[in-house]
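First up is the structure itself, then whatever we jot down about it.
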């Protein structure tokens, strides 16, 4: 579904991604792993159009999206849940969710809200509160719910484990799995926490210093102790 | 590799001019001073070649340079915006006027220094009040100052002369310069010297720890606080120095106009100063000079252009300002770093091309 | 007692004008973090357009509508042509741009319309309304001025709070990157913000013109008091700016009654006093760290 080929990104002289190629099959979860500074966040930011690549291409079902503005990319059904401060803290929880549902290509606002609250019941009781008053974990839930409210075909999740308790993270991951099965969602999951990501993903890519050092079935990589030890600090 | 080549070339260059450059080159004060003396000599020669009207303009440019250089320190280097420097110039101008009213024979240097001191005092008061304000809030407060201070002159008209202001006799040239020496040329000399002294002092200040601290506060206030810098005090200091410059400029401005009157210190003057430093290149003293030149030259040129075109008066009177506004917008869009920024970019292009050329030759 | 009533009414009506301008500045500040120093000059232009339409023989209401529409257009064009290109440059550059626009507009208008002072008609009588046999110190035009500002402010509040467009605009202002990721055309939202602000300015310009008389600089003072009102209220708070504008109107009217030449000084005094206590204005929520 998503084909990244020979993607090169540089900030000034510093090369962040060096000829990265990977594919994300439809109806699957692909994890992108790597240490801090490996280029994971740059990869998703380039896919969603926030960063412009210097060379190579990003294709969504064959359509080259690497020159499109982020708002165009979003309208094609790619939802990007950014790392950390992904919610608009000046708006209420419900307003954040409504914003997400506006990009939706089907289903009304009400339905999207209902789905979000079903997914994260805690958000329902806080729906009138300002997003600034949420805890770190709740903000992460809100950001993910908002991404899903757009009914995306491809969900880009950047470090969802940040600030989430292990149990909540597992819940979210199992929800994602069921969305992949039921709704045909495709997920690109960026994680530093390799263990949890490998347990949920179908495929995995390991990035190091801006280059792909491994791209295989997640189960296979999870068994490769050498690789995990070298690049992911196990 | 590139570094090594540069070092060789530099050390090679140092040998032949060792003596003079060795003494002057390493001391900023001496280097800036030497440069200023050269510029002063050039301007003195220039002032003999041109009409007294040009000398009159020259003095105006010098006055603007002084005020703009002071504002550069505050806004460009320290990051505090001021839309009220015209009002501070008014403080200097009125100090001069009142002083001359009571002591007509006081030496000019003393008048100027007193004006600097009183205006720096006013800057201290305002700086303390403004130290907590940031960005647009500071802009608003200083704008209000620019608007309100001239009103004081109207309200206390018995002291400040109201709308008409207080007249000032322009300084007459000393007799040893000859009977034909115009007062315009004399004032131009004084103003240019004052401007050069101001520039040299500010340039050295900016290279000292004060300059570095001012920049540190501008770039990241929190980091500066954590580094143990007393941010509030540094911001007040910037205000005081900057106000001192405005006071000097205001005093010379009063001599130049021959009057201290509220209309001369309108909000427009404050805005002009800010325009000068941004259009010249924010944060650079050379930029303040460019900006002052633009401020004086563009309306002068367009004014004579408009009057030469035989246009109806409603158009001719407003054409200079319209063109000025237009030039301003186009210049900022074309050169976001101001004139000085644009020149630096050009010079940088030239230098890198030269260096590439040099490297190629050496490797070949 | 009667004098007090007169002053309060006059202050609130004046304040409504300042509030409209203050709100315009706040809308632009929230959207693009720019103080539009040409806001007053733009309102001056739209009022000249209105006068032109009236002189063509059209009704006041046609002129009113055309002026507001022209304001919308002018605001959008200014944002697109001038502000957008320097979005990422130093904030001082934008300040200079709007100052350049201000100088340009104030010079071009007299070239087109002539520089002489012109009168501008009010929408309604400016003499006091008679209730029974007593004339109250409130004219139809006063009511219209206050009422139309109130209506426009409420309409804007509804737009921002209740509609999807308003939500998109707020998201674009608060967090442009996140907004873009949600498919919002942020640029278009910012342009809309500037356009709406210019409509507010146009309204203020046309409402104050009968009192101040029309000349190229007639909005300068209104702009400065509006700006002061916005700062008093806090640039991040739309409601604060409305309150700040009304406050400025009241205080200046009272001071002006006591001593006319102290009006501006009093403005400075209030501003300084309030900023001493609240450096972010009265109603700003969070501390501003931008320079």
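We call the chains A, B and C, going by the order they appear; numbering starts again at 1 in every chain.
Here is the rule we go by: a contact is a pair of C-beta atoms (placed from the backbone, for glycine too) under 8 Å apart; a residue touches a chain by one contact, two chains touch by 3 or more.
Quick caveat, the model's predicted, so the values are computed rather than measured.
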- request: Look at all chain centres (mean of CA atoms) and spot the one farthest from the centre of subunit C.
  value: A
Middle chain, criterion being Cα centroid separation: C
Whole-Å separation of chain centres (CA-atom averages), subunit A against subunit B: 53
Message: What's the distance between the Cα centroids of subunit B and subunit C, rounded to whole Å?
response: 33
Query: How big is the gap, in whole Å, between where the Cα atoms of subunit A centre and where those of subunit C centre?
result: 43
Message: Considering only the defined contacts, which subunit C positions touch subunit B in the complex?
response: 29, 35, 82, 85-86, 89-93, 95-97, 99-108, 110-111, 114-115, 220, 224, 227-228, 230-231, 235, 261-262, 264-265, 267-268, 271-272, 275-276, 279-281, 288-291
Field: For the subunit A and subunit C complex, residues of the former touching the latter
entry: 48-50, 69-71, 74-75, 79-80, 82, 86-91, 95, 98-100, 102-103, 146, 150
- line: Contacts from subunit B onto subunit C in the complex sit at residues 75, 79-81, 129, 132-137, 139-141, 143-145, 147-148, 151-152, 154-155, 218, 221-222, 267, 271, 274-275, 278-279, 282, 314-315, 317-322, 324-329, 332-333, 336
Statement: Seen from subunit C, its contact residues with subunit A in the complex are 164, 167-168, 170-171, 174-175, 177-186
